[in-house]
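Mind looking over this structure? Questions follow.
The chains carry the letters A, B, C and D, assigned in the order they are written, with residues numbered from 1 in each.
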Amino acid sequence: MTTQAWLPRGAAAVACLTFDVDAETGILSADASAADHAMAITHQQFGPDVGVPRILGILGDLDVRATFFFPGWVAERRPDLVTRIAEAGHEIGHHSYSHVPASSMTRDQEERDFDRALEVFRRIGVPIHGHRAGLWEASWSTPAIIAERGLSYDSSLMGRDTPYRVATPKGSIVELPPHWSLDDWEQYAFLPFPEIGQHIKNPADVLSMWRAEVDAMRRFGGLFMLTNHPFLTGRPARAVALEQLIGHILDAGDVPILTAHELAAQLSEVVLPEHEHTRPELETGLFPTH
Amino acid sequence: MTTQAWLPRGAAAVACLTFDVDAETGILSADASAADHAMAITHQQFGPDVGVPRILGILGDLDVRATFFFPGWVAERRPDLVTRIAEAGHEIGHHSYSHVPASSMTRDQEERDFDRALEVFRRIGVPIHGHRAGLWEASWSTPAIIAERGLSYDSSLMGRDTPYRVATPKGSIVELPPHWSLDDWEQYAFLPFPEIGQHIKNPADVLSMWRAEVDAMRRFGGLFMLTNHPFLTGRPARAVALEQLIGHILDAGDVPILTAHELAAQLSEVVLPEHEHTRPELETGLFPTH
Amino acid sequence: MTTQAWLPRGAAAVACLTFDVDAETGILSADASAADHAMAITHQQFGPDVGVPRILGILGDLDVRATFFFPGWVAERRPDLVTRIAEAGHEIGHHSYSHVPASSMTRDQEERDFDRALEVFRRIGVPIHGHRAGLWEASWSTPAIIAERGLSYDSSLMGRDTPYRVATPKGSIVELPPHWSLDDWEQYAFLPFPEIGQHIKNPADVLSMWRAEVDAMRRFGGLFMLTNHPFLTGRPARAVALEQLIGHILDAGDVPILTAHELAAQLSEVVLPEHEHTRPELETGLFPTH
Amino acid sequence: MTTQAWLPRGAAAVACLTFDVDAETGILSADASAADHAMAITHQQFGPDVGVPRILGILGDLDVRATFFFPGWVAERRPDLVTRIAEAGHEIGHHSYSHVPASSMTRDQEERDFDRALEVFRRIGVPIHGHRAGLWEASWSTPAIIAERGLSYDSSLMGRDTPYRVATPKGSIVELPPHWSLDDWEQYAFLPFPEIGQHIKNPADVLSMWRAEVDAMRRFGGLFMLTNHPFLTGRPARAVALEQLIGHILDAGDVPILTAHELAAQLSEVVLPEHEHTRPELETGLFPTH
């Protein structure tokens, strides 16, 4: 077992449970014409309507706190749901306004989208400490935008599997890295149009894989950053698997479950690896363009 | 275990076994040129020719009743098969005429397709109580079209995993929601042209996943709405897995197996959650169009 | 256990082991530019160079006879391999000349391709009794072309999972139906260009699935028509799984392993279901064309 | 168990552990615009930053030597990492300069790319003995280019699962063949843009599959040529599975683990099968062009 400077005393690893409440924006951000597809829209609405309450029940029963990332568009239409989650002790995170990838926007577009979401959360009255890009598709400007607005962390980049700092002209922010292998999208997302995936894994197999990842994280002193979506994991057998996964983490005894904000706050004075955040410079013609 | 108002007395969950007899329309509705592909056409014809009789045998042996959704085009060409299924005590459901997605039609086109199928079923002489859209691709008009014709339920939308009402200008209908994770298409469909999927899962794994889903449905008081296709599940090892799945449901003792119509009829006086059925209004330019 | 008229006395099912020796044509028939891809070409050449000898060793050790379908193009370039297989007691089958789908050819093109392969086999001196279309992509003319040339069977269509007759103007032929679920391509084929699949299944899982299919075939009296490709199944762990699968069939005691020709010959006087082989007539505009 | 001439005395099979340190070039070589995607770039940088040190730790603990193939572009930007790997006793291999497929280049372009990488390695001061094409996409000129520069082996082609010689006008080189089924890319690579795969397999299943392949290689006397990528296998549970796989190889007792160079050097005087390396000649019009 590795001990690393960033780990809380006595901890072999840390777990963050995060839920991206994309709802309709999960498909509208891929293509506005998704709005013509009634079944697909209801498939997404299941998330806030059924998935979130079910997940809140499980978290409450196990007495753990999580982070719910909301696109501003979704929060604007469900302020009561946002408030209910926050009042149960969970964190609300910033997940852009429209869920459209920041990497497809100009910096100005990204700032306006970012600020529009902040304004929604301000009106609802929930504090915002951190950000996750839609589809994790941060731009090369995203960390600076976050730092300029005084948020303390991002959770979109994958340069490490432990927390690290990302340098910006306005000071560094903490990166709490997610990864594709700890996301339920790649396990459960199936929708032909917009095509968001063709994945229907057995929740028992997903549970088995993620339990092993928790155990491996304990060996290497890693951050188990779970990204789940209520429209996916809110389905019955998947919700049961989530509950069993949390039970496994709790049973380990040395893997504290923290909200992303709690973790970022604990790290504010800790020395972490610092990464530059700059677009690679490419020699003209070396790599193909399609 | 949750008890919910919609559940029959003593039931922890309810199961509906539904079979979509798409036959040739399963691929023709994707592309008319599928008719040039002799193997693909025979692949689809296996459904009514071999799959349905085999499934009827299994249902009969276990003494359970199911719902068979027929596109009108298919029923028109196999009236004797439709009659045989109905005479064995099963329900015949409306699965459009052509299996072409309603979401790709104007309302007028959808109504003509809908009525053409109704006329086929009237000529054959089987009563029709409910509807499922081809590919579950209901339009924003589908519930109203159903209500206007006096049918009582739909089974295409995914807003919940329990029955709910969908409001229409002609009164509400009952929605009996299916889901991708309870469909054999995502487990077994493999055909390169038209490309309907690249899935060849082990039936033993599918059985394991669906048994767990039955168990989880019992915990949350859900509707286990199984969607199977005779051209897929009619194959030997898959048919055996279906039989074992039904055995698992029966063994539970608290999960009645009802036809969709039986369930909708029982729910006619029950208070259910009611959902609006309206296309989301989108701000121009917020979401990309491709 | 079902007994069916077509089954040999005492048999609960029948197994045919077939190997499609596509070699380079497996990718050239998708796109001639595959010839520019040296690795992909060697990936295909592994089949005749290493896979076939390894499979012949396994079949010889277990003393069973199989059918090897050769595209004429491949046989023309490896006459000694064809002769070696035939001399070991196995059947050589006709797998088109070029492996290009018959469904993409005019009838005249298909006849010329068909006859060109027959001429190759004649020159090598191996008898030909049956045919399998490249990619199983038979045309609506294929059975008639087969019947006109005096071959007795086809193995491309999927209308049943037992042998059946296909009517042609020149008399009927026997169809020995394959299926996607009993093909190693959908389990093991991975090549990005030409993209032939993205499948790398665990041979142990494939073995488990196919053992269960043998068992289910015994229950329903089916034809276990295995389609394997030496460039895929010739790899070590897959070859071991094939050996174990054959062992499972032999252990059953009531599933004779026959070459396709042996089975077709035994069925020549048996009454089988007869299918028409005609393109579905489509109403103009009912189904979309892309 | 087969004994083959190429096997070291007492060995039933040989294992090479190879790691392709593609880093950013793993996606830039697919599309230069990947540079706009900050998350994707960090996803690739995880390989040299976290994956390589973790893998070095595992190899060191188990006291085995491996081969790390570097694109010149990556080595140029991380000379200290290259040196650190070499000083730990591992081999550095040539993996092109840009990771762009050689099959998409003219011979002149390929030679310039090849030599540019050689120059990088010369400046760093590590000896180069062999080559692997980016994406294994060797051209029909690649072996000759390798032979002309005095390197002794290639590891890109798949004509056998044992070492063989590839003839070139400048004499033959040794081919140490990899295969898709022994590559972690097909098990673990998931990235939507550039789309490099949609694979998130359970490391426990991958371990199970590869252990069986080691065992089957021992039966047939094969070369277990493992290709892993630090940005994929460097993740915690996958790294643990790698460690367990190496443990399985060591436990076998008759499968020496050699670097590719060590193996090629041992084979320099051994008679091996020799393959021509020539583009198939195609009859005009026989195969379709898209």
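We adopt the following convention: a residue touches a chain if its C-beta (ideal position, glycine included) is under 8 Å from a C-beta of that chain, and two chains touch if they have at least 3 such contacts.
Everything quoted here is computed from the prediction, not taken from an experiment.
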item	value
Interface composition of copies chain B and chain C: same or different, split at half	different
Cα-centroid distance, chain C relative to chain D, in whole angstrom	34
Distance between chain centroids, defined by C-alpha means - chain A, chain C (Å)	48
Per-residue overlap in chain C, given as positions that touch at least 2 other chains	198
Contact graph of the chains (line, ring, star, complete, other)	ring
Chain A to chain B touching residues, read off their complex	24-25, 28-33, 35-39, 41-43, 45-46, 49-50, 54, 73, 98, 100, 104, 188, 190-192, 198, 200, 202-204, 235-237, 239-240
In the complex with chain D, residue positions of chain A that touch it	103, 133, 135-140, 142, 156-161, 177, 179-181, 186-187, 197-199, 205, 208-209, 212-213, 215-217, 219-220, 222, 275, 277, 279-280, 282, 286-290
